[in-house]
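Below you'll find the structures, each written out as structure tokens.
Two complexes come next, and they have one chain in common, chain A, joined by chain B in the first and chain C in the second.
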Partner chain A sequence: MTHTHIPRISGVLRSPITFSVLAGLVIGALFLVGTGADPLTAYSAVLTGSLGADGIGSTLSTGTSVLGMALALAIPLRAGLINLGGDGQMVLGGITAAVTGLYSPLPAPLTVVLALLAGMAVGAAYAALAALCENRLGVPLLVSSLLLSYPAVSLASYLARYPLKEPGSSLPQTRAMPDGVALPAFGDSTVTIGLILVVLAAAAYWFTDKRTAFGYEIRMTGLNSRFAAYAGVERRGLTLKLMSVSGALAGLVGAIGVLSFPYRFVDGSLTAPGYTWTGLTAALLAAAAPLGTVIASFFFAVLAVGGLAMERTTEVPRELTQVLQAIVIVFLAARLRFPSGWFRRRPQENPQESPQEIGAV
Partner chain B sequence: MTPQPVDPAVELRGITKRFPGTLANDSVDLTVQRGEIHALMGENGAGKSTLMSILYGMERADAGSIRIDGREVTFGDPSAAMAAGLGMVHQSFKLFDSLTVAENVVYAAEPRRFGLVDRAAARRRVRELAEEHGLAVDPDARVGELPVGLRQRVEILKLLHRGARTLILDEPTAVLTPAEADALFAVLKSLAAQGRTVILVTHKLREVLEGSDNVTVLRDGRVVARLVTAETSADEIAAAMTGRAVELDRVHAPGTPGDVVLDVRDLTTDAVHDVGITVHAGEIVGIAGVAGNGQSELIEALAGLRPVASGQVSLKGRDITHASATERRAQGLAYVPEDRHAVGTAPAASVAENLAMGHHRTSLSSKGLLPPASVRAHAGRLIERFGIKAANPEVPASALSGGNLQKLLIGRELAHEAPLLLVEQPTRGVDIGAIQNIHDQIVAYRDAGHAVLLVSAELSEIRGLADRVLVMYEGRVTATYTKDEADERALGLAMAGGAVAPTEAVD
Partner chain C sequence: MFFDSDLLMSALRALTPILLAALGGALCERAGVFNIGLEGMMLMGCFTSVATSWFTGSAWLGVLAAALAAAAYSLILAVGAVTLRGDAVVLGIAMNLLAVGLTSFLLRTVFGVQGTFDDPSLAGLPLIGGFTPLAYLAFVAVAVAAVMLSRSVWGLRLRGVGEAPDAAATLGVSPAKYKYAAVLISGVLCGLAGAQLALGNVTLFSENMTAGRGWIAVVAVMLGRAAPVGVLLAALLFGLAEAAGFRLQGVGLPQQATDAAPYVVTLVALFLSTARRRRRTANSPSGATT
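Moving on, here comes the complex of A and B:
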């Protein structure tokens, strides 16, 4: 295997991912210089703010949600399927966990487990509905998952504002979970056992991807769906399974959000931070590869938390980190359009692209 | 003093083009006289296409010069080459399907009247050109509705309209019936007789021998032979292309048919009508026909990728008419599809992963686990057994040449040892050397007692391999021949729809 290492390393260095991230940082630095700020100070504020003793807890708890959603989006994306309904599945998982937590007659620890499982089940079922729309009715998954998301978010919002609303509160939120109905946290931090759950999910995804026949079928479907279908991989079944897993993870993120601080379902609090979109970006950045998705999620959690710290300690607004994220996406999207045709017209300018063409001569 | 010779139409001197790791053209000289049909031959990767891309301004040579009619030129892009009187018909046509013939012909060089396209003049012009060159085609027909042979005429008319004096045709007969190919060569000959020049890029020996004046053969980027067609032979050209003696058009010995493996009755699906086929163990049944006469749809229906409207399909006596692709494979069916890149492989996946497909649920995995080590070992075995040339099993399949990719695909499917093998166009775009290997593999598979259903547009392939030949025309089986009856003339006639009374199937 040694012979593959060197190209692999240089491949990573030259990959569009590295390029996108570096380009994002460089262009971000230009923005900073343009507004009269010192890029080094700003970037170091991002790093100390997110990875320093004060920030790491916040980064990890944000990272829990980002990674959970990134996995939810990466798993179908590995087969070329895009689940745009993460918000709806997450919010349904959250409200289900809240109802379970508030009304379960079981002892607190079992209620926590039940709430997690119920949130996952409802998220999975709702995502499966989007898959069925594609499989049975021919509605493209992209459309069915996205459109089903809105009624789900609205339903949860209604429940939090009316039937389940905390009496006497002016906020659209449910009552707090009963005592003990909460995910165990590490020390005084906001980091809960939820982080362990999503890391385990990432590990399971890695194992499935690398070591199982099912993971192989998922990857081959993503690389060439006609090839997979030709060899007998049943696409509808695959779509249904992957969407269910995806929805279960999104539901898990929602349930974790409710079972950790603030220990209740607050309308909008799950969707406002944009975990779904950050997660989608992370999954795209990593081309849905398991390890890469974990790294990219951590990177975006650092940006999100560090951006806040940067705003506090320097004059740079935290929107800069969103600009960085946007630039990375733009460059990645450009990568998606680069292949073959763009180089073929001007092969003399891109000699490294030519060997593949020689094969076609 | 001898009289001053006429300047050649095209003169390439010392053309060298280097890609990283490959010398695509190594100091290539090519001289083509005015009024000549010149064949440029070579296997895949020999440098033909690179040379023509350089001549046509699509690529720039690292060294060397181009002279057109004696004047040295440098083309920055194809439009400069067109302005100098060159014109190219690409293998995949560059036409607008939804526009008419006349609109396509005049595109980018429209006759104008008051700043608008003069449609009447365009139609007139197409009619004139068509008449002058014997390229009859209706100027008002929609290109998308024309058969391939006529679309090619539209491409040629387009070049003539722009005043091309030198026509470059890249594999022009790949999609034509024998009769259409003959018609094409008649046109090319008359064009040459009028003083136009034709450069034919091809790997088909027969048409080079019948239709060209001179032949230049490339191998590994170098010119290895310059031959006068009248003084050479197919064997000599093939030997120059491959660098060794090749036995051409070998007819393999017939097989010994056993029990019925595939039984198709009155099968109807999109573009296929009431087709009946029987294939026995130890038998290769060939389906001949011009592309687009229902062969692909038939095979897809048999493979479970296209629903069957009516009729019955059974495999080893079991009804599989409505079985899924997965179930059919489990029942004993393997399939080499026509389109290697879009269907038969995942070009971005590694060679090892491509070789694992279909075996990943059976021999390579246990309890759903697919250990990377067994995928690698499996790949190593098939690479060795089928002589697939790959730097290592981890390189992407897209890095393989066409012939090696096809070996990968055929090797993977043969390794299933399925009682029935469906093979479509097994050697399209594959080098002569690799063709022999692939044919030998298919025959060996038959001799091991398996049934093979072969679809090919190459008559020599059908005749060389098939124990029985069916001809498909417009979705129906219009003729059946035994190996001895299946001569080129009879097949060619039937492929063009001229089968009068199909002989009875010999079961």
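Moving on, here comes the complex of A and C:
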């Protein structure tokens, strides 16, 4: 997109991202017509339901988790590494925060800080384990991170159902956090300081990516790992660092989840909404660029929350938004875009602007 | 006794869907397409088989429809990765997500239920000696794949396309054609795997019912080094882990521990196999090749 003689706008319109999102919305509309609903009514229900006065709080609290997971997955993705173990790292962070919150002898405000840090530390350690599997044992990160995720989810589920289970409750959940052990919320909403924390994390990621040598090394590895290695980037060390940061962020999302409403660890409540997969989708859509990841996360949080409103008004199942999300990524991965003639762009020898080599395993 | 014929039987039952899917994955691997969309293709097979069996009353039509639907679904990978040269890993992840969304959406629009659909009158596959015909077919498929890959011209060309696509193209073998064939066959096999899962020893469809089996199949391909017999052994290991876990649950171990067992066993097996391979390459006079 560096050709200065081409109007910038046509570059944006022709970007595979625009094509994928539009294609997703069009196919979503076909599904809506197929189920007998009016696409315009449905899509406007998505928007009013998620951005209107009743929905914006929910969108921001969902957005907190989605953005947190999107950052967690974007940071390794920037270097071409795919962390598929977000669920495990997040859930371990959550259960650790719950244990810390319940048993810490410190005053409540310090306990909150401690619980957040403990959640991040455990998430980071678990993700680092997946990195070590690749570095030392030769198991590809994609596979090691994913396989490690299942036992972690099972362990947290076991803890919430047996040793830590709230006595007398029929639900698989821990006791509620003690008084004051909670992230401060904005007004009566479910939006907490957690949103500020993940936005700060996004800002830190943006700064590292744009302004530091480390950020340059990461991008260089993502674009061409062999060149980066030749230039002196130590790949194993980079994998370990990026996975630790990734796991720490996933653990933070888990801890935030436990320190927000309903202020306890409920088995399945972190994994069931699919934050990990939505986050991964957002990170992929943005090619892991910091600002783009924030925008894509907001877009998917709007879809997820708006999907519920759509279900209420049109009786179309909200799972449609999940379909739409996946379709966007299918088109993106297939590198489809509008043909060049559409925007009067001169045909080129090589129309592909060397898209990032994501996930070269 | 812990290791008895019952355990082996239930291990063989657990192995069938993994084996079918992993065979498909192995063919793709040999043709040079990294297929991690097995999970999604399998899930599409599960839903299609249940829906077709329910509306036609015939489990066999369900199997056929599952194979066709999953093959059609696999075209996303074939077109995306082979023709459009997209990223196979991202495509695979997207296909898995799409399958979860699509089948959950269809479960609600077609059957009007959320979570699980089961009905006593849903026709399942007949059992012969405790196994569905698909279980026997899976073993036949291993033999056929092994012979085809190592003894036929088609197999030689498929492997050539995977190992040296340019050389194959120079000799007049179209890499795209063989890659498409491998992906489509993996679609058919995953469809059968899905039908086995949904119409085999239990007859129902539930959201995300593949529960990571497609990923285990991906690992089985790695463990078995994309050779049909190797893949069979890897799938057997997984089947034994699942069966042993199920048995231990009867002894009082919590379900969560036994749920995690197959993944842990798979991971450990992967460590051991890569460790052995590395030691071998380190000892060989030519040194490491990578």
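As a working rule, the second predicted complex is superposed on the first by the 326 of 361 C-alpha atoms of A that agree within 3 Å, B and C clash if a C-alpha of one lies under 4 Å from a C-alpha of the other, contacts with A are read in each partner's own complex, and residues count from 1 in each chain.
To be clear about the criterion, a residue touches a chain if its C-beta (ideal position, glycine included) is under 8 Å from a C-beta of that chain, and two chains touch if they have at least 3 such contacts.
Nothing here was measured: the structure is a model prediction, and the numbers come from that model.
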Which of chain B and chain C A:Ile82 touches, first, second, both or neither: second
Touched partner set for A:Leu280, first chain B, second chain C, both or neither: second
Touching partner for A:Gln325 - first (chain B), second (chain C), both, neither: second
First, second, both or neither for A:Glu217, with chain B first and chain C second: first
Touched partner set for A:Leu142, first chain B, second chain C, both or neither: second
Which superposed partner A:Arg226 touches (first chain B, second chain C, both, neither): first
Touched partner set for A:Lys165, first chain B, second chain C, both or neither: neither
Touching partner for A:Ser154 - first (chain B), second (chain C), both, neither: second
Comparing the two partners chain B and chain C, which touches a greater set of residues in chain A: C
Common interface residues of chain A - those touching chain B in one complex and chain C in the other: 355, 357-361
Chain A residues touching chain B - in the complex, by the definition given at the top: 3-4, 210-217, 219-220, 223-224, 226-234, 347-348, 351-352, 354-361
Touch list for chain B against partner chain A, complex: 19-22, 24, 44-50, 59-60, 303-305, 324-326, 328-329, 335, 337, 342-349, 353, 356-358, 360-361, 364-365, 368-372, 392, 394, 398-402
Parts of chain A lying in touch with chain C, wherever the complex brings them together: 31, 35, 82, 84, 133, 137-140, 142-144, 146-148, 150-151, 154-155, 157-158, 161-162, 277, 280-281, 284, 316-317, 319-320, 322-327, 329-330, 332-336, 355, 357-361
Complex contact set, residues of chain C against chain A: 34, 36, 76, 79-80, 84-87, 89-91, 93-95, 97-98, 100-102, 104-105, 108-109, 212, 215, 218-219, 222, 254, 256-257, 259-260, 263-264, 266-267, 270-271, 274-275, 277-278
